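Data first, discussion second: the structure below is written as structure tokens.
Chain naming follows the written order as A, B and C, and within any one chain the residues start at number 1.
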Amino acid sequence: MIVVENICKTHLGRPVLENVSLTIEEGTNLGLIGPGGAGKTLLLKIICGLVKPDSGTVTINGVDIHKLSATELAELRFQIGMLFQNYALFDFMNVFDNIAFPLRQEGKLSEDDIEKLVRKALLDISLPKIGDRFPNELSGGMKKRVSFARAIIRQPPILFYDDPTAGLDPVTSSKIYLLLRAMQQERGTTAVTISHDIDGIKDICDVFCMIDRGQIIFHGDRNAIERCEIPLVMQFWRGFSDDDLDG
Amino acid sequence: MSANPSSTIETNSEPAPDSRFRNLLASFGAPFLEIGRTVLGIAEVFRLTLYYLVRGRKRWSAILEQMHDVGNRSVIFITVTLGFLGMILIYQAGNQALRITGDLQMLGGLFLQLLLREFAPTIAAMMIATRVATGMAAQIGSMVVTEQVDALQMCAAQPVDYLVVPRFIATTIMMVILTIYAAFVSYIAGAITAYLSFGLNVRTFIDLSFIGWFDINIGLAKALAYGMAIPIIACHAGLNVFGGSEGVGRATTQAVVNASLAVVILDFIISGLGYVIQSIF
Amino acid sequence: MTSMADNKPMQKTASKFMRLLAFIGKHFNDWASEIGGLCLLTWQIFLNLLPWRWQFDGPETWRNLYQVGVKSFPIVVVTAILTGAIMVIQSGLYIEQYGAYGLLGWGAGYTILREIGPILIGLMFSGRVGANNTAELGTMKVTDQIDALRALAIDPIGYLVMPRFLAMVIMLFLLVVIGDFTALIGGAITSQFLLGVNMKLFAASVIAYVTLDDLFHGLIKAFIFGCAIAVISCHFGLSTKGGAVGVGRAVNASVVGSAIAIFLIDYLIAFIIN
């Protein structure tokens, strides 16, 4: 269970997140939506401990992650997988080493076992032949899938997806969503998904949360969001504007 | 407001000069704050590097790769620049010596001494600061911009451990080797120039009688200090990038400026210390 | 895939040689294209400098003069003071040995004005201004701003390159003038406090032995270094490609190129003038 309490963060003197509180139950997938620049990615980076908030706490399974030392935080991160917005594949390693990196870093498995797991992961993302290619030789969709494989290779109980389908064509997007859903059903992971593609995440997320200008303006399950009367949420959910709401 | 006229005056008319004075002070203070922040940041990276140097795993393949990057790929650059430096210095010094004393016997010996004490380590380090520091800052900076450093952290790898330590070890080792190489190249270029321009015999030029352990030690001390400072400064600049390609450009500039300045400052400190030590003994 | 596997042994012997050839050829090609690009840019700048084609953007030039001059002033002064100090320490080691204190000003002054001053300030300038310039132009290039300028019928040479070129040439010249004198001051202070040689003796020695020729020799260099750094940094900035990584690579190439140019030109000038 992830509990976020009263997170505040300013960037260059401008408040980006104001008093954000949020609870993510075990085994649920939270869909984080909101307009661009609302602070979604920043919130995600605070939740996984990459960015320190100005105030507030984040507790993952009862541990306040911003109070941990670097080594303890690294230990905790064996439990977390993350899919980055811009793939964030290491461009100095080939695809195989990229996917194997989290396992090698953990140092528990032998090289043979790692090889087996990575081969299986490559098969799972249906790109079995690209192991010795480098990230800059891949298309956007392939990079996204490799990045996904790297995120889940340790089979972490907690997963964060930052815009898993940004800039991808509909076919590749649906492949990614299939992978995501399979992950959810097989292992019952706790997840947070940031997305702009409402139709895509409608079916894979259980709870939705909408952020606008650094504040949470909606938090609830699918029934609640469909009945929600807040104009910006309605506009976002249904993908049209019935009256002048811009600005 | 009207109940307290003095405060109205204060709030209405005073702020103008006051804030101007404040702005003046702020514009004086800002660079110092900036320098302070940078120095603290560099010290922090240095502390972490030493910590992981002792505690972390050694990744020999990464270190070798960096050594190749720092050393082998700088050889041509160092050869060209330090070769020209040797030619220039001998040419100028020879002309002066001819004008003033008319005697070139000591040229080679003194040149070698000066090369070891000053020019080989410092100019080679300036070259490494331009070539290697910009490269490191650019590489790490673009890793930060493309979230690769975040990804490293999420894979439970410490960026300083993973990125800085191999560069630190590699640059420190290669800096010493390159300094020796630089002295060698410069000296040979100088010998050729002395032969071609002044007809000075190469045997006369190669004169090891002037140099002692002091010269060698001071040259190596400088090379070691530069070799440790340059990667730390470059990686600090790279790790603190924010904002796309503009940020990477800013970081590379910062890296080369800070690294070159560090070389000059360390040169001053070590030369000064060397002078003091030599005058004591 | 299969055809590659078939002629593997033959390929192995051939490929080693081929790879060497390809390596040499590629590097040669790269160098040639960079040098060609530099020549082209120099020619274009030269054309823009001709009196009847005198073409550059006024306000941009002022802005660049400020940016280049004022922003690199502190670092040049710091470098110069320390350089002066270092040169005095280095000559001091000999001066002490032979007891020729009257020659301290000559030893330090001559090397500073003629060689080390222009070279070190030039290297610093290429790091501070040249790298910055490449980064700025490179960012504009990778974000398509240069194409946008062309689309607005604004000549990138006149609008971007000329102001930077003028600013860098003028400012490096002035900075070396300032740097020479601060270096001598730094040297005088060091000689007083570290070596115990009176400042007056140092100054007298500078005046007696260092000629105006030495100063001019350094200033000519400063002028040509300025031209070289400006052309090189603008060229590498304008030929940047490939996002943030490309900008970093361009800056790297620019400072390396400038450093090589500085030493090469320094040697040529010393050779030609004498």
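Brief remarks on what is shown
By definition in this document, contacts are C-beta pairs under 8 Å (C-beta built on N, C-alpha and C of every residue); 3 or more make two chains touch, one makes a residue touch a chain.
This structure is a prediction, so every number in the text was calculated from the model and none was measured.
Within the contact network of the assembly, the step distance from chain A to chain B comes to 1.
Distances from each chain's CA mean to the overall CA mean are smallest for chain B.
Compared with chain C, the chain whose C-alpha mean position is the greatest distance off is A. Distance between chain centres (mean CA atoms), chain A to chain B: 41 Å. Chain A and chain C have Cα centroids lying 46 Å from one another.
In terms of their C-alpha centroids, the spacing between chain B and chain C amounts to 16 Å. Among all residues of chain B, those that touch two or more other chains are 146.
Residues of chain A found to touch two or more other chains are 91. Within chain C, the positions touching two or more other chains are listed as 245. Against chain B, in their complex, chain C makes its touches with residues 74-75, 78-79, 82-83, 85-86, 89-90, 92-94, 96, 110, 114-115, 120, 123-124, 126-128, 131-132, 134-136, 138-139, 142-143, 194-195, 243-249, 251-252, 255-256, 258-260, 263-264, 266-267, 270-271, 274.
Taken in their complex, chain B has these residues touching chain A: 143, 146-148, 150-158. Note for the complex: chain A touches chain B at residues 45, 48, 50, 70, 74-75, 77-78, 80-82, 84-91, 101-102, 105-106, 150. On chain B, the positions that touch chain C within their shared complex are 31, 77, 80-81, 84-85, 87-89, 91-92, 95-96, 110, 114, 117-118, 126-127, 129-131, 134-135, 137-139, 141-142, 145-146, 244-250, 252-253, 256-257, 260-261, 264-265, 267-268, 271-272, 274-276, 278-279.
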